[in-house]
């Protein structure tokens, strides 16, 4: 494209001044490649991190996005804020457990992905983080299968579902307390595992530090870790991998 | 298969005793699926974690494996140990920087993978960890492209190579000191990033804790983290993803 | 001056008792030099750290200062306290985002400073700290240019403004989460950078510890760090440097 | 006994002076009960913590004990020290892996204990701590069964032995790295588990802190924890429990 | 049992299909052994960890359990929640100090245990944790003796009761602040001690970390530790040991 | 310059192909501005961080630089390495205390700076870090005045020199142990202070953490902090400020 | 006394049974010595740690003590609780800043102590802890002189009072933020200093950890430290020393 | 004295110039009072902290001091260094356990102190720190009584000596591992206790952190704490108190 502009200058189609302006745009294109790459992620909804933003701030951002007619996912929204937002924008659906707001502009994605992501979680108390992960994946148009309450203290519950977990493309494994679940799953499956420590626990759990360290030190290979309680991040990494496996990056 | 056995018992082809023995095997197959799944990872070399093992222990384990005529990768081997091992088993090649020993039984993998993994690293001082990752990927038959010394303090060096990094299936991004590189790369590419903090640094680096926390807290999406200095683990996660992208899981 | 007093004693102009009293003052002058030096900082407003002080305590302190007819800056004032204070002293202006109260006695400083300080910040969530820095600098009569929402995860936004940042005398760079922004800016500018970690983040951020360690370990030279969320301190250091550059220390 | 003495004084068998001396002893008996209770632990060998003591100090202490004709267990003895000690006292046997010195005065205990303690350990790298536990139990005359290399990353190895582990009176479960093994075992057995974290690991393991926190936060009930690498302590607790189960406390 | 089924298939009593269904059950029995082992713990009440569960969730879980006509213990229930639950299920008894809810279906256990567990605690401020331990043991049908306010700063109070403590099967020793009590008790008794650190304290106590470290580092043998404030866990370990001593494991 | 090129294309002085090549260069200039800015720092020596580099690596890098005929500063060089390097490159001067190697190509800087930097340090044990700072500043052609052994425990020593410290442009204040010196100096001077914590101390000093926290929490304004033991970094920040004050940025 | 009893038994004045009872008392005297020693601290008020105790609990304890007609000091009492207590026991005086309740039974101590304790504190924000110390000392009948707001950032304020501080028997030095004040005072006085870190500060202060570490690492001799915010403890240590100096231990 | 000078000026005995010079001295006397106060500590030996100083540095400093004919105490001297120093200055006596060098110029102090300091320590492994304290006190001419190996795990050994400990003026109580000893002693004596944590221990002891936190959190009053392993500091505080009790401050 640079070449074209220069030829147009050479043959007088463009004045140097017009060319300069175009090249300024061109120069920005250097960075716009970022967006171009982002475009490859077509169908990805816009995501807003709701924590620390007021209801009215979220409404403003959402309205700006709705003009673009895109799907929207908002994470970490308290029930109170959600009520205020939904009153203004009724097309949002709020999910209490995952604390997510989702607006579906396109009911169907323009493409179809094979397979599913396994969301595996240790206890019912990790549910909120697990559902943030599940709702995120679903908002990105990815099929999710939930395997909840399969913690290591009652490992037969995990075994009852291990085949279905094995058949997933990638697993998001969520655990609080001692955070041992990813290690056990990691020894039983052959696909990548994204481990999400949660802050569930008490005493020497230190707000999730215990589970975080456990997961980083896992003796099973094929496990990588995201931040404490970061259900969204866990799912996002899994989605990128899932799409790679579908060759529609 | 269980059904078959029972029918054989019903029609007298198997005595109950013979069936019991078979079912015992069958029961073990419940776990053997693990190995079956592992078999899917065909062509994967055997990996030995060399730290804390003596030269003679490593020699014994290696010899047992060589009977299986498989490729072997040994990580974290000091130069002194490597010399002792190579004297006994001359088919091993030692790499000083990555501190890995590799033995190639099959020169060529029986399959061919498209694309490559990007190994991106901040400073020359992270070289040892970066090369552990690179040598690991190569031992698994995966093509690697190295982007070294592209740290954030001189970000133009990173930009000079960003297109080639973008075209990788997955990046392993290694950084010590403040560990900011994965965040910057994460904002510029659309594939998954495995971040490896290193213990390189001094003072308030606290043996890699600083870089580890930075990576876990990255505001860029699509980044997951492995343990400090765990070049092998970073590569292993990337390999799993790379194979998924090649549909040969 | 000591010499003068002694001569006055020698020639009887002062009794030893009168001289003693004067010398007591003189002795205090030893420390009063501090204030003399402080006077060099002419035009500096009085600053009150509002946190942990009640509205009525702040009112009392402010009134005492107003007698001196000086500008006043009060940091860390909650909205509730601000309302109570402004009712009593209407000449205060409250800024909600930075949580500062400012009273301008002199509209114009008696001197003019060339150039400006760049306030650079990563995300909208760091706004409160960034604005505390900006309002501080403005209360000290220093021009400020704001570069907000230029975090490393979308580094092209930073590049769009890098020339204007480069032309500042000094930058105050504010970041939470992984705190990588000062390292990136530090690699692109040649003036001193004061880095301010914020407590924005979650999980393994540990109330700003992550960003603090990142900044202390920066591999870019020319970066020094102040306490977590200390927007005032960041600006104050920048002001001292800015004035040095203006030769009006 | 006090009563006896007083009656003897009353009927003149003891002078008040003689009684006083006896009562002094009696008073000490208040504390001597401690030893009396200790006596209940008959057959327990004398234990010396060898770390930080020189070979000659250990020789002196051992000789004093040998006069009492008791079994002796010395923990944390380096090979070099052991050689020096065994030269002086040839009746000691040194075990390189557990770094223990044992001297058996009585080949057979004067009583017989039913059942055994299970020593379960995750990886070969925890062997040293596991063997310190095993040798300790054996020095106390307790039967030990070893279940080594049954870590959670290959959980089928654990299942292969789970029945024999279940039949133990009590388990000492040793693990480094992420320290998840006690949680898994705890979900499969119904007896008490003493968990021993080891300092084996690297990076964010922080010298065993990771495994320690994991074990303290275990969601399985019936697990209590001793200090990092404290194989002796783990075994000692198990021995006390094992004896209780044998009604020979 | 497997043998029986196979023989029944061989002699036509079972069709292969019926056998398969039975063996499915059998296969699950592999893990059901867990429950079988759990059954050995006959008379153990069902336990619910109340923290993080809503009143209505607890009511639902409790009702499901009541169908099984078992005793129920619910820990960590706030007074407010307890009121709501007791209104619905009046057979629950709430204890304010220990914050436990207990429902006794069987007034008497079907067996009788000899001896008692000592619950020893340092200060009145640790009462809540101590009572959680005591109520837990009582809910499991184990006799408890309480030794409260016997902290090391007034050690004569401990000595006044030491004989009665010594005669227990096992002690649960609870302490906050500096957490030294288990060490002192450990030097005076010969049975196992389960140490429970509490978060009681201030300043450098760091929410129980100080007491936790003290107990892990105890120079007295025979002490193992559970999580901070984990009164239930402390008691549960003691109960397992107490039953072993009663030969009714 | 872009404009010039376009005009040359417009009037045929350049072919579009030649222009494209030039613009490629131009595009790189976007980043080359960095170096242009760096050029403003003319006279700055090349700096090599010597730690973790072998003697032969340092020799290679140095030789490459010597071709550019620039001054060279190498920090963190052990005596042993220095000897090896000086044998090869005799023009290097080694300073044992600061562990720096300096090679002066230009005896005189091409410009002259007014004023000086104060290097203030608490104890003789911080000398190594203080001298690294001092030698760095001198290698950059900046005058340094040393105020050593003026720690807060003997504050009269500080007062004896306070006027000379006050007259510096900027102070680098270095302290280990409790790290209180910057706070005290900060209350007595009106210029910016760069605080450098050192790892000197023992016990609860935790390798400099104590001094680092002290400095970050200083109640004196005008203090910013660099990494533990980072004498070079402290000086570098001071040099940038000193040059600003000299209007030769 | 033991001797007397035995002689009485010998000559029939006491029956063995009567003697036994007496000796039981005697045995307890072994520990009663503690109280005897405590009696040496005559005039010491009873002290109650109010935190974590309800108003009614405090009222009960206080009433029991009032029967003994002693002075009472209650620390850490919130205003709300104090109001409730004073309604029931009007003889209590509440101090809002120190949050102490004091009841004076004896207006005058039966003895007179020479000299005074200096309570030195850095900032107005440490006032609450300083006043807890001051009120404690006064409740123990010890004269106190207050030196407030003499922090190291304005060290001339400290110098203005240094002579009066020097003349104290012992100083309690209280500081938050960077906690440097005890080091400075320690270099200027020759009596013992009890340092009290406070949790005042923000960011990297970590609830007083920063000040605590500073004080423990002080390079001035003659400083010992108590827990964070422990104004009572600081004063109590000072009182013990002050009494020693008055020879009325 | 100021008054005198002024009068001399007034009556011509001093010229203003002479007075100025004298007053300069006088001004310095402001700080010299420090030394004057120090002089009150007459008989105190010079103390050198030997760690981090070379043998030749120590020899130089010692020689300078010997001119002053004072006693000298050097702490933290390794055996190797001590040998080198004693060869040069044979009047030094080295003590291997405490690692102190002492030179006695005056055999007898010019004054006599009543009473003694108790040095109480938990285990033989804390001996080095305990002896550093003891040798320090003796070098200052203070009588010391040693109570070693009286740890809380065998508390009857402590009780055997408690009366003699009670009769000391002040106790220095030293403990590693869990550090509980000061709390126990604190409950039994009525004089001040200086607690010294040691780094003796392993695993979760974290180089003395465990003992340090225990001591800071002691529920016994009258305990203050110095840095880890700081035997000298513990003794120094005790000496200051001991002298106060002797009215020879």
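Letters are used for the chains, namely A, B, C, D, E, F, G and H, taken in the order the chains are written, and counting of residues starts over at 1 for each.
We adopt the following convention: contacts are C-beta pairs under 8 Å (C-beta built on N, C-alpha and C of every residue); 3 or more make two chains touch, one makes a residue touch a chain.
The chain lineup, named per UniProt: A, B, C, D, E, F, G, H = Nickel pincer cofactor biosynthesis protein LarB.
Source: prediction; values computed, not measured.
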What's the chain with its C-alpha centre farthest out from chain H? A
Identified repeat of the G-H interface (over half of residue pairs identical), from C-F, A-C or E-H: C-F
Based only on mean CA positions, could you tell me how far chain F sits from chain H in angstrom? 40
Which integer distance in Å separates the CA centroid of chain D from that of chain F? 56
Taking the mean of the C-alpha atoms as each chain's centre, how many Å separate chain A from chain B? 24
Cα centroid separation, chain E vs chain F, in Å, comes to 61
Within chain C, the set of residues that touch 2 or more other chains is 30, 34, 154-155, 159, 187-188, 203-205, 209, 212, 216-217, 221, 227-228
Would you mind giving me the full set of chain pairs in touch? A-B, A-C, A-D, A-E, A-F, B-C, B-D, B-E, B-F, C-F, C-G, C-H, D-E, D-G, D-H, E-G, E-H, F-G, F-H, G-H
For chain B, which residues count as touching chain C in their complex? 122-123, 151-155, 177-180, 183-184, 186-188, 201, 203-206, 209-211, 213-221
Mind pulling up the chain D residues that touch chain E in the complex? 33-34, 37-38, 40-41, 47, 163, 166, 169-170, 187-192, 194, 212, 216-217, 221-228, 233, 236-237, 240-241, 244-245, 247, 249
Flag every residue of chain D that touches chain G in the complex, lowest number first. 2-3, 6-7, 9-10, 12, 15-16, 19-20, 23, 27, 30
Would you mind writing out the residues of chain B in touch with chain D in their complex? 28, 31-32, 34, 51-52, 197, 199, 208-209, 212, 227-230
Could you list, by residue number, the parts of chain F that touch chain H in their complex? 125, 154-156, 159, 200, 202-205
